[in-house]
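What follows is a set of structures for review.
Both complexes below contain chain A, partnered by chain B and then by chain C.
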Partner chain A sequence: MKKNLLKNAAVQSLIASLLCIVLGLLLGFIVLLFINPSGAGEAILAVVKNFWNYSRANLQAKNFGNTLVKTAPLLMCSLSVLFAYKVGLFNIGAAGQYVVGSCACLYAALAWHWSWLPCLLLSIVVGGVYGAIVGLLKAYCNVNEVISGIMLNWIGLYTTNMLLATVKEPTSPYTLHLKTDATQAMLPTLGLGKLFSDNGNVTIAIPLAVLIAIAIMVLLDKTRLGYELKATGNNKNAAKYAGMAEKRNIILTLIIGGALAAMGGAFLYLTDFEQWSVTQSSVPGMGFNGIAAAFLGGLNPIGTIFASYFIQHITSGGAFVDLSKYSSQISDLISSLIIYLCGFVLFIKYAINMGIAKSEEKAKQKAAAADEKGGAK
Partner chain B sequence: MLLLVQYTLIFASVLMLVALGGCFSEHSGVINLGLEGIMVIGALGGALMMRALPNSWAALPTILVVLLGAVVFAVAYSALLGVACINFKADQTIVGTALNMLGVAAATVLVKAINTAADPNNVSSEIQYVEAKKKFLVNIAGFEFNWFMLIAIIMLVVAYVVLYKTRFGLRLMACGEHPQAADSVGINVYKMRWAGVLISGVYGGMGGICYILAGVSLWKFENGVAGFGFLALAVMIFGQWKPTRIALAALLFGLFRALSNVYFGFPFLVALNIPGSVYNMMPYLISLVVLAFTSKKSRAPKAEGIPYDKGQR
Partner chain C sequence: METPYAIEMLHITKRFPGIIANDDITLQLKRGEIHALLGENGAGKSTLMSVLFGLYQAEEGVIKKDGKEVTIHDPNDANDLGIGMVHQHFKLVECFTVLDNIILGVEPTKHGFLQKDEARKKVLALSEKYGLQVDPDAIVEDITVGMQQRTEILKMLYRDNEILIFDEPTAVLTPQEIDELMKIMKNLAAEGKSILFISHKLAEIMAVADRCTVLRKGKYVGTVETAKSSPEELSAMMVGRNVNFHVDKKPAHVGDVVLDIQHMTVASKTHKKDAVHDVSMKVRRGEIVCIAGIDGNGQSEFVYGLTGLEPLKSGTITLNGKDISKASIRQRSTSGMSHIPEDRHKYGLVLDYSLEDNLVLQRYFEQKFTDRIGFLRRDNIRKYADRLIDEYDVRSGQGPVTAARAMSGGNQQKAIIAREVDKDPELLVAVQPTRGLDVGAIEFVHRKLVEQRDAGKAVLLISLELDEVMDVPDRILVMYEGEIVGELDPKTTTQEELGLYMAGAKRDEVKA
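Moving on to the complex of A and B:
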């Protein structure tokens, strides 16, 4: 019998994710129709086109590079969320871990004039420690990781603003430019920028992030540690009974998750693509978008690479909408709609499986009926 | 000092309202992480009402209409949580998080669209309500009494009575503890959970509008509600899911939140020369510490977070 392609779990995830994207765009479109019916179609197109809104090839390449520059940190954040989720933990604290990671590398670069590698390593360590707080609270004090993660997001934001205020430009709320004040801390480009019409912000961060995604997949699927971590996620008590150190596993997971998200912060701020504003009063959306990317990617590290790119693609695309009609936040609206729809993924898969079961049942009945006819002859 | 009391009371009212909302939802068995988003949408509903109402209206109808606007918006919004988590058995954490992001994004897009439509040069996400805000305040010898303080107390009494003294409340709580048992004696678990989620929308919306009326007279919707929905969840956990304890916990958290607004009014605090950021992070820090000490013997509803499936016994 021919194997039904729809039965494949990976295919189902892909269908579910694509369905979420299409429905998300559709719902976004409907919202835009309500706000201003005349330009809704164009606005959605502008968001989806992103850098293709430019007609010149070199500008396209440059802006494609810019989107990739921001995809790398997003991918790291979503890997952080994904990794924790595989162990049954919802790491909403990724947003804060990303913030303290950014803080650590910027401070080390600007105040201590460290070069890029130690800056990156410091970010990883600080992020790991920050994640460990959540893990310790969860393992030993039974504090829900979502609540503690949120609290730490805000604590991290205010601490970062306080610390980075010492290395900001005298006349603006932004931190000093690495290009002028700390060139030694800029991530090396290894000539990658040339591919994107001399976009100096395209650095090794992008290939590194992809490599880390693959490493995470190997860790989760091919190693004993990954197996233990997933077992802890599936059933904490069973894992404990089987002799696994469930407390250690929880803490370790959040250390790794914290390190991943913090690395994302370093991947963005060590390229000098953006400066940190020390007056910002809300936690950057990078970590939250990471949640979107992780679930849109079907909780698979490789899927997450594409999902991160997609989320960043439409987020960057938000800048191209006609600002006299809509605001650039419509891309936030669409990505949050997509996450909401991701909540229905289980149901979509269930529906697909039910559909398959029904059609198979029908086929069986038909076959049985045909057999009977044949027997009567 | 009076200012501190005033801010403490108003912030405590916000936290208590939202925490009570969370309390209803969780007692019915649904974790409502989307309270933050529900607050934003409630605030949006109320703010739009204030923007639309003429200044000539008297205080009482204004207050009622604004409150109604907030509640209607927030309840409609919380239905999104209900559909996904109760009918489609979605993961409550994802949906809650999505609602938080969606709330801020939708409110920002909407307010910007309204502002731009009124004045093409205005691309801000702010709504002003200077005049309307005055109707919520009564000045008693320097102390600005806000009607929301009274509303919060009324809603506290209502929550207590409904949860503990009515058949409905006891049934609702049964659905959060052991839905299968509740179902076996003829209680419709889905209906009860819907009730819990929608009531949390009522409370969350009130908390949202109360929050943006607490100190300022214009609100920038891009900023959401600064984690207040989550602080409220911390209050709820610290209050062990019991209305009276939630009220006390809200007072404590409100005090720390108020300090960050008025610390410069106290010479000895100013003399310590601590940066403002430290006061800003205080409520979050305190709640983290408090949670670390109280979560161990947590009395959370036993079945919360688990989608109810009639077919599973």
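Moving on to the complex of A and C:
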């Protein structure tokens, strides 16, 4: 009975994900031990506790809200990666699509004073177009989507820096605050902020992201389009044989993937939780973390919701490490170690299956040996 | 006096699970002779050569070089013994020059620097001695297939190999290049090299080989001197007269033309010669037409062109009076073409999909299975799958939700046949539909094909199995090097005659 449960794919995914998390925490702990053994236990606890590091309930709620605010964009990026992955494409360009999505909504909000809905829609369109470039190159010129995706990540970053430099604060590299300069573009909170002790950054972005995750699952599992896309991802030749429009499917997938990641950008920057720094010289990690979240979530849209939250929880928790004992980069180091280990989900699944096969083989041999003995008698 | 044999393979037996690939086979190659190895697909030629090359170890039998017993564990051992091989698919580095390819692996160096001048001298001397014209500085991807093959031969000669194996060397060559290769092989033999020539083309064997060893279904049939033999004898030896179970069928009631192909040409992906050249044929209602031929004579490309997987270079295809030469795969399918593909894993199934999802692979988009908004009608799909599973006796562990990957080959094929036949096509294209199936499943497939014919459908069968070719169809068209070279009546023809057409020893003018 126990073995049958282990063979279940969903159970396997869950076990593998939990194992990855434990391994990641362990590795993080070991690294901390090396740097400064005296504070290691405390530091790793601080990372795991995140907002529980605060003792007061209202601060806990507020910071829980903050973690959720950043979970929404991460979830969108990981949905983008997951969706493309189901069609056999590796959308590493999600990072760049997230960047151009952020750019589009911020520019429309600050330069043109659009309200939030058109800003969000513009992000979706721009992200879709950005994804389409990768799709067109893949479908018609056979350019690997990873290569074109990475290059477009950088093109997106510097174009964004250039454009947003026109709407930045005069004395800092950061874009203007929506709260002061473009309140019309702030995503509505619908009273959600009240649940998190008046955290104004908690907006409809969070429930929307969850709804979109569910929508993606429905699209993949219940519709004709999902049937076609997954068939293309599983067996390109069979999809072609069955008369599916393979090229159209590739392009459409990357358009949807691009739109999802770009929406993630809008979900963060239209809350005014962060401002864009026009001097940043590396592509934000949100899209890349989306890859880890997609795998940690067992490549299941619902699993991805929890995985995205966990990764954001750890990342936010990093801020609570005692900086008198560790340098300020330690929080990023620990969370990235854990995220890195999250990529090992498929490997652990494989190991579980190998283990089952081996023990079954042994059981068979034993049974055969027992039979022989019985026969000899 | 020492033995006249350069290499002897005595009583070689090689078993694989469930099959004896080589059953007590003896092959003796004399010094300086050209020795042909003849047999159908699956006769055991490749296995025997792999044993000689050290890729497989034989369970029984010995290999002798110059009368001394040797053991060959891997291809390096074979190389050390002076055995070289030109593979059917060349093993050349496309972006290197001819010279670089020839010395690859045995580069002459001094203090770690390449000494290409010496190598060049040796290559030029060899190429002159044996009449192997190559340009040592040309890049391999720019030169003709013929010159690539000469490069492969020079590779063997550069390594001072004495025993040269040619694995179906003429498959990719033009007739002129074939003539030249024949000359080269005779030259090499005259200079004392021993040549093993693997082929199933009788004309070439008769033209160039001194002796010929024939294998059939893993067994040794015999060795003959070609000068004292005839294509008819070799063909009979190759094909054999084996008892086969018969397919019962009523006389055909042939109706209107369903499929009309005129002057169809399909380009090849691997070489410059067209894979299918100017093929014209018709298939009528109520008949099974079979395209017979040895593997690799353009049958696959013919099917790709017919079903739309590859574009036509020229020619027209008419299905039920409608020109579908440029139609998409989907359009061809909805116009009444069903296709049982050659490779059920590569094309026929999405292995990670459930059985029911695979059963609707050609019709999932129909209103019956998808509603107006685009949602799948899961309940209809389930009902449909249950019916097909029941009617076609498709067996699986968990019924409609079984992953296709978890099903046996026979049941996978049954699922494909259920799907394609139930589409109620005008034309059923069945490509090697019994490949890899056991006797019971083969019978099932044959019965279904005959049922379709009796229901007034046009059936086009593409087969490599001689038994199937003789038993199932009402008409046989033989394909050789991308052309239809003969039309035969299975009731009056013999396997020997069929073999002659398949090996290119005989051809008629066929008009459609």
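One rule holds in what follows: the second predicted complex is superposed on the first by the 325 of 377 C-alpha atoms of A that agree within 3 Å, B and C clash if a C-alpha of one lies under 4 Å from a C-alpha of the other, contacts with A are read in each partner's own complex, and residues count from 1 in each chain.
Everything below uses one rule, namely that contacts are C-beta pairs under 8 Å (C-beta built on N, C-alpha and C of every residue); 3 or more make two chains touch, one makes a residue touch a chain.
All figures in this text were calculated on a predicted structure; none of them were measured in a lab.
In the superposition on chain A, contact is made by A:227 with chain C only, not with chain B. Of the two partner chains placed around the shared chain by superposition, neither chain B nor chain C is touched by A:19.
Contacts of A:147 after superposition: chain B is touched, whereas chain C is not reached. Once chain A of one complex is fitted onto chain A of the other, the partner contacts of A:204 are absent, as it touches neither chain B nor chain C. In the superposition on chain A, contact of A:155 is made with chain B only, not with chain C.
Between chain B and chain C, B contacts the larger number of chain A residues. In the superposed model, A:238 makes contact with chain C only, not with chain B.
Touch criterion not met for A:45: it reaches neither chain B nor chain C.
Common to the chain B-facing and chain C-facing surfaces of chain A is no residue whatsoever. The part of chain A that touches chain C in the complex is made up of residues 222-225, 227-228, 230-231, 234-235, 237-244. Of all residues in chain B, only 33, 80, 84-85, 88-91, 93-95, 97-99, 101-102, 104-106, 108-110, 112-113, 116-117, 120, 123, 125, 222-224, 226-227, 230, 233-234, 237, 275, 277-278, 280-281, 284-285, 287-288, 291-293, 295-296, 298 touch chain A in the complex they form. Within the complex formed with chain A, the chain C residues making contact are 307-309, 328-333, 339, 341, 346-353, 357, 361-362, 364-365, 370, 374-376, 378. Residue ranges of chain A in contact with chain B, taken from their complex: 31, 35-36, 90, 92, 137, 141-144, 146-148, 150-155, 158-159, 161-162, 281-282, 285, 288, 291-292, 295, 323-327, 329-330, 332-333, 335-337, 339-340, 342-344, 346-347.
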